[in-house]
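Down below are the structures I want you to see.
The following pair of complexes shares a single chain, subunit A, combined with subunit B in the former and subunit C in the latter.
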Partner chain A sequence: MAQGIGQWLTWGMLALPLGAALVIRWFQTRWSVQQAGWVASGAIGMAALGAIVLALSVPTHGHGLMVPLWQWMSIGNLTLSLGVQWDALSLLMAVMVTVIATLITVYAMGYMAHDMRGTSFFALVSFFVFWMLALVSADSLLGLFFGWEGVGLCSFLLIGFWHDTPSNRWAAIQAFVVNRVGDLGVWVALLVPLALMHPVGWGVLGAQVATYPPVLQVAVGLGIILAVCGKSAQGPLYVWLPNAMAGPTPVSALIHAATMVTAGVYLLARTHGFMPPSLQVVVMGLGLGTAFLGGVLALGQHDIKRVLAFSTMSQLGLMVMACGLGAYHAALFHMVTHACFKALLFLGAGSVIHGLNGEQSLARMGGLRRHMPITWVTVTIAVLAMMGVPPLSGFFSKDAILLAAWSHSVGLFLAVIGVSLLTACYMVRWWWLTFMGSPRYDATDTPSHQSPHESPTVMTVPLMLLAGLSVTVGVINAPLPWCPPLLSSWLSPLIPALDGHHGSLAVMALLGVGIASVGGWVGWWMAHRAPMVIAGGEQQWGLPWLLAWVSAHPIRWAGVGADRWVDRGLIKQSITGVSWGIHWLGNRVRRLHTGQLTGYLVMWVLALIAVLGSMVMAW
Partner chain B sequence: MVAIMVGWMVVVAMGMMAIMVLPLSIRQAMRVGMAVMWGGALAMMAMAIADPSSLNSGIMVPWSYLFGVALEFKVSGLSWALSLATMVAGGVLVGGTTLPSRWAVALLLWIQWALLLVFNAGDLLTLFIGWEWAMLPVYIALVTHGTDKAKSLALRTLMMMVTGGVLFLIAMVLVWVISPAMAPLSLSGEATLPPIVAWMVGGLFLMSFAIKTPLFPFHTWQADLYEQCPAYCRPLVMAVVSKLGVWGVFRVLPVVAPGLVMGNTQAPYLIGMWGVSILVAVGAMYASIVAFAQSTPIRALAYLSMSHMAVAFLGALLGPSYGVMVGTYLVAHTVLVLGLSMMIQAQPNWNTGGALGGMMGRSPWRAWVLLVLLLGFIGLPGTIGFAAELSVIAAIFASYPLVIGLMVLFPVVMNAWVGLRWLTEMVWGQPMIPVLKDDIPSWWRFALGALVVVTLLGGLFPLWIQRWIGVGLS
Partner chain C sequence: MNVAGVLVLTAVLAAIGMMGVLARRNVLVMMMGVELMLTAANILMVAAGVVHGLLDAQLLVFFVMMVAAAEVAVGLGLLVLLFRFRQTISTKGLTWLKG
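Showing the complex of A and B:
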């Protein structure tokens, strides 16, 4: 592709969502939700088209298409620039983000139709897409950080979108602050090279970091891991993701399932050369631990969206684990398939919530397949894909991760199978409690539950398209005899493939079916026998409480204590004490001023004697 | 040209203060004040744009032939930027606040005069005169236009300032008496003091600057001052006067005690300077934690500012080689705090503990202005706050032990936590305030719009700001 066309496409892709955000914001009070929705989805759809054109035309070897933007700032003698780099990785992300975002924006036109602030919702979603594109297309760690924080800001604004409820405001702040803790990692990874006056472009950064002393390499690596923990809800920094479900469901689908949370996986793939081997093990352990934790926590949830949030956390853990193994292709493949079926699951959940007029508790659902057939069929496809049932997309991507684990060790392979069993278990429980069995939405409970209904066409069409993608997108990297793994061959010039086992497709299919069957049976059993009685599950068995007690609460207490005891107590009282001391001394000295000359004369003589005495002694 | 302009502004400001004594009406006083401040600001901008090289200039004004001392003005891009901020802030405050009397205009002119002296001083004496005179009008404003609480605070503040001033004076006299070769008190070149005297003088200056900044544990007066200060001078005090301490380190230390500048420091004093640095970094962390416990947004902003200024103090200790990076930080902080303080004090209930919510519903433009300024303050990329934070923290990472670099990153999180907490209190939720009229005067609207533009453009193109303020700096 000619450089000039590439530049125009780049500017257009960035300008369209940003322009849409500004235009919608400007006409916010004059436009209807539908108008705003059409503008947003049109702009994002055009950006998707641009991304696809670029993906089909930009050569994947070398650095791809570089589009310098402007010189940004100088640090000492080093001038930092901002620019765009379109290579296989950034284009994969750009296509995924814009295509999913287009479908979700169209869906939101139905979901947000009756919301009073619906127009500003579309402005924020467009703004988010702009920042997400800035994140994935940046040619340096600095540029990535712009997008990284930009998507965090949009996430904050969208989680707090219904800010009349205090808990939503709290969830928004929590998400931003926990992400900020993760962002400290990007700060460290950025500041170490900058302090050495080294540029931070992707093209040179990896080679430079490799020359650093081990302690600095570890600092950069740990910084990246911390950043991944924050953005992709890994390890103890997962706490914000379930609470982020306070935002509108399309936001949960777009930001907190399909795109923003995968930025951590993208960062790991982008910095694949930076990580010392000792830290690769940490990445692997972190991912595996989070995958297990997310799966277990998902089993205890009763909120239709929170189950999916923990599921996202678990699947992101699998992707991070694959990165730790060096299986970046498998991680990115799973990221793409997961984006499709998880967005579909969330949108399906949104359709259910819409059909039940806002109800989110699984305890008051059931039997909805009769009332919402399209939602039911599409969501069932997504559930099967997520469980890894062949030949759906999730089967192929999970298969790749399983093979990577097998290449590492049998123990790890079994652990991944354990995570997959958990996945099948909580997904079937969720699906059964929502759509199957007998209705639990008692008609006498609330009037709004009297008429569950299918969502309008504008919402069901994106569901069907995403269902189609959930079935077929696995083809891009499936080890099929008639179709080479396109994604791997596309990524290989940038990120080397892991030399691992290539298992028999039939064996892997049997394994996939077996895992889905066993896990699914347990999930069905749980839905039947113990649908709502997992004691403490809703509160995650006290884990967030424990984390708050070792992190946020001590800081808060330290602030209050320091303010009360140090600032207002010790320091202010010391100043007051000095002032009282001077006052006291003044009073004592004042008593010497009696007005009697004899007294003054005695003092004068005593002083004279003292002076003369000291002079004599000195002499 | 710019140096002459600054000198002229000093004279005009003094003259106008004298005119205020005459029986002008408050409206006339406001017009005169605005003419001086905006006229001065526009003239400074025009001259700098016409001839950017004149930003690196100086003039000498004979003052006392008895001691062979001249008042010297030395202008650089940074001092120009801070002087401009002083003039603009004053102009906005005169045009947009309810002034209690014509004396308020005189006090504002007085503060500006003193600040111009400090920012453009070419010698210690000029700097000292401005240094001492800058806080006196604040004291008078507290006493004449403040509450009862403000009156007791005024004395405490003044005593702290006098303590800092006495330390400054002792150090200055020592330099004057002992320096054998240095032109009397000039802030050019490097003084050739005996090492032990240089350390003593440097220590006294550092203590004085720490009180003025203020740094932990000399800081408790500042939040009270910001809260109690009359509205017409609060933004100026918060945005500009708070920079004096760091400016002192930046301007004085490399000249009188170059051995104290990090990077030049030799053992055994290096350990002492590391100790100072760790104390300052701990102070930055401490202030950001205590900010969490504050009961009003202005107090929270005061503590977060202390934290920011502690970081800037560490940057200023690195000396002139990092001047542009520290300068970027000072300019950014001035812009953001000026805007935030104006926005907060325009909000009803801001200091009573009453409900604040619902700005987004009542007055969306205010909410968005506050959001942009606050995002700048917490250092979000794309705003001038991030460019400033990145540059100064990169300098700290480059020159201090890694642990100090990591310590100054802690406030990055706390700033976001505290800032967003107050932002959501004010902007989101049901409108709690019965009436929130768009009663912000047009001068303020214009100024706030300009500050938002600077926040965003400065974040996208900080190189342009760096080139501007870098004239005359290393």
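Showing the complex of A and C:
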């Protein structure tokens, strides 16, 4: 591809969503939700087309297509510049982000149709897509950092979109603050090379870090792990993700399931070269622990969206674990398939919420398959894909992670099977409580006294398209006999493949069906026998409370103490002390001002003597 | 020429003048003290001009005398005004400089 066309496409892909955001914001009060929605989906759709064209035409060997955008500053030998690097990894992310975002934006035209401030919603979504593209396409850690902060800001604004409710505002602030803790990690990973005056472009950063002393390597690695914890809701920093469900459902689908939260996995894949082996084990353990934790916590939820939030956390844990194993191809493959079926699950949940006029509790759903056939069928496909039923997409990607775990150890293999069982269990419970069984909602109880209704076409068409993707997207890396894994061969020049086992497809399919049936049966049993609102489940059995008491509260106490003793104590007292001292001195000096001529003359003469005397002494 | 004698004379004159300005309360006497100090400076300048053979220094004395005359003219005017206001020319209790 000609360099020039690539540059134009790059500028267009970045400028269109940003421009759409600004234009919608400008016409916010004059445009209807539909108009804003068409502009936003048009701009994001054009960016998606650009990403696909680039993905089909940019050669993946070498460093891909480099587009310098802006030279920021030059300090000595160090030049900081912002630019775009289109290689296999960034194009994979860009295509995934823009395609999913286009479908979700179209869906949101239906979902947000009755919202007073729907137009500004589309401005924010376009703004988010711009920052996400900036994040994935950046050619350096510095550029990534800008995108990283930008998507964090958009996430904050969209979680708190309905800011009339205090709990939504609280959730937005929590997400922002917890993400700031993670951002500190990027900051550390960025400042170590910059303090040594080394460039931070992806092409040179890995080789540069490899030459550092072990302490600095570990510092950079830990910084990246902390960043992943924040953005991808891993480890103790997961707490913000379930509360982020306060945002509108399309936002949950786009930002908190399909795209932004995968930025951590992207960062791990991008920095695959310079994570010391000791930290790779940490990454693996972190991912596995989070996968288990998310699965267990998902079982205790009764909010239709919070189940999916914990499921996202669990699946992200699997991806991070795969990164820790070095199986980056498997992690990225699972990220793509997960983006499709998890976006579909969230949009289906949104369709249910829309149809029930805002009801979110599984305890008051059930039997919806009769009223919402399209939602039911598409969500069922997503649930099956998520459970890893062959031949849907989730089967192939989970298969790849299972094989990577197998090549590490049998124990890890069994652990991943355990996570998969949990996945099947909470998904079937969720699916059954929503769509199957007998209705538990009270039509007269809903605000508008309507029976549940299927969503409009503008919402069901994205559902159907995503269902199609959830079924078929597995082919991009399926180990089919007649078709080599495309994604792997595409990524290989950039990220070396893990020399793992290649299991027999039939055995893996049997295993997948087995896991899905056993886990699914347990989930079905839970939906019938266990209470729908599980005691303590909504509070996650006190885990966030415990985390707050060991981290957030001591930090708050330190802040309160610093305010009391340092700010208002030391600093305020010393400043008022200086002021008081000057006041006292002034009162003393005032007495010299008598108005008596003789006194002034005496002082003048003394001063003259002092000046002349010192001059004579010096001479 | 007795340089030391001139120096001692001018120093004594200046000291007397300064004491007159500082120690006395009578404005008229204080102005006389100022004149004494100016005279001491003039004598010193003339002497220095003679020693170094410089006509400029002796010329400068005339300027100083002229300035002193002007100063006395202004000063005596102020003195008359002061007397009209206070019926005394003592600086005792005079704190107008305080503003």
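Quick notes
The rule is simple: the second predicted complex is superposed on the first by the 546 of 619 C-alpha atoms of A that agree within 3 Å, B and C clash if a C-alpha of one lies under 4 Å from a C-alpha of the other, contacts with A are read in each partner's own complex, and residues count from 1 in each chain.
In this section, a residue touches a chain if its C-beta (ideal position, glycine included) is under 8 Å from a C-beta of that chain, and two chains touch if they have at least 3 such contacts.
The structure displayed is predicted, hence computed values, not measured ones.
Applying the stated contact rule after C-alpha superposition, one finds that A:Trp525 touches neither subunit B nor subunit C. Residue contacts after overlaying the shared chain place A:Phe27 against neither subunit B nor subunit C. Shared-chain residue A:Arg180: touches subunit B; no touch with subunit C.
After overlaying the two complexes on the shared chain, residue contacts for A:Gly595 are found with subunit C alone; subunit B is out of touch.
Applying the stated contact rule after C-alpha superposition, one finds that A:Trp11 touches neither subunit B nor subunit C. Looking at the superposition, the partner that touches the larger set of subunit A residues, subunit B or subunit C, turns out to be B. When the shared chain is aligned, subunit C comes close enough to touch A:Val605, but subunit B does not. Within the superposed three-chain model, A:Trp541 lies out of touch with both subunit B and subunit C [touch as defined at top]. Shared interface residues of subunit A, touching subunit B in one complex and subunit C in the other, do not exist. The touching residues of subunit C, counted against subunit A in their complex, run 18, 21-22, 25, 91, 94-99. On the side of subunit B, the complex with subunit A involves touching residues 156, 159, 217, 219-220, 286, 289-294, 322, 324-325, 360, 375, 380-382, 386-387, 390-391, 393-395, 397-398, 402, 405-406, 409, 412-414, 416-417, 420-421, 424, 428-430, 460-463, 466. Note for the complex: subunit A touches subunit B at residues 70-76, 79, 145-146, 148-150, 153, 156, 160, 163-164, 166, 169, 172-173, 176-177, 180-181, 183-184, 187-188, 190-192, 194-197, 219, 555-556, 558-560, 562-564, 566-568, 571-572, 575, 579.
Listed in rising order, the residues of subunit A touching subunit C in the complex are 593-598, 600-602, 605.
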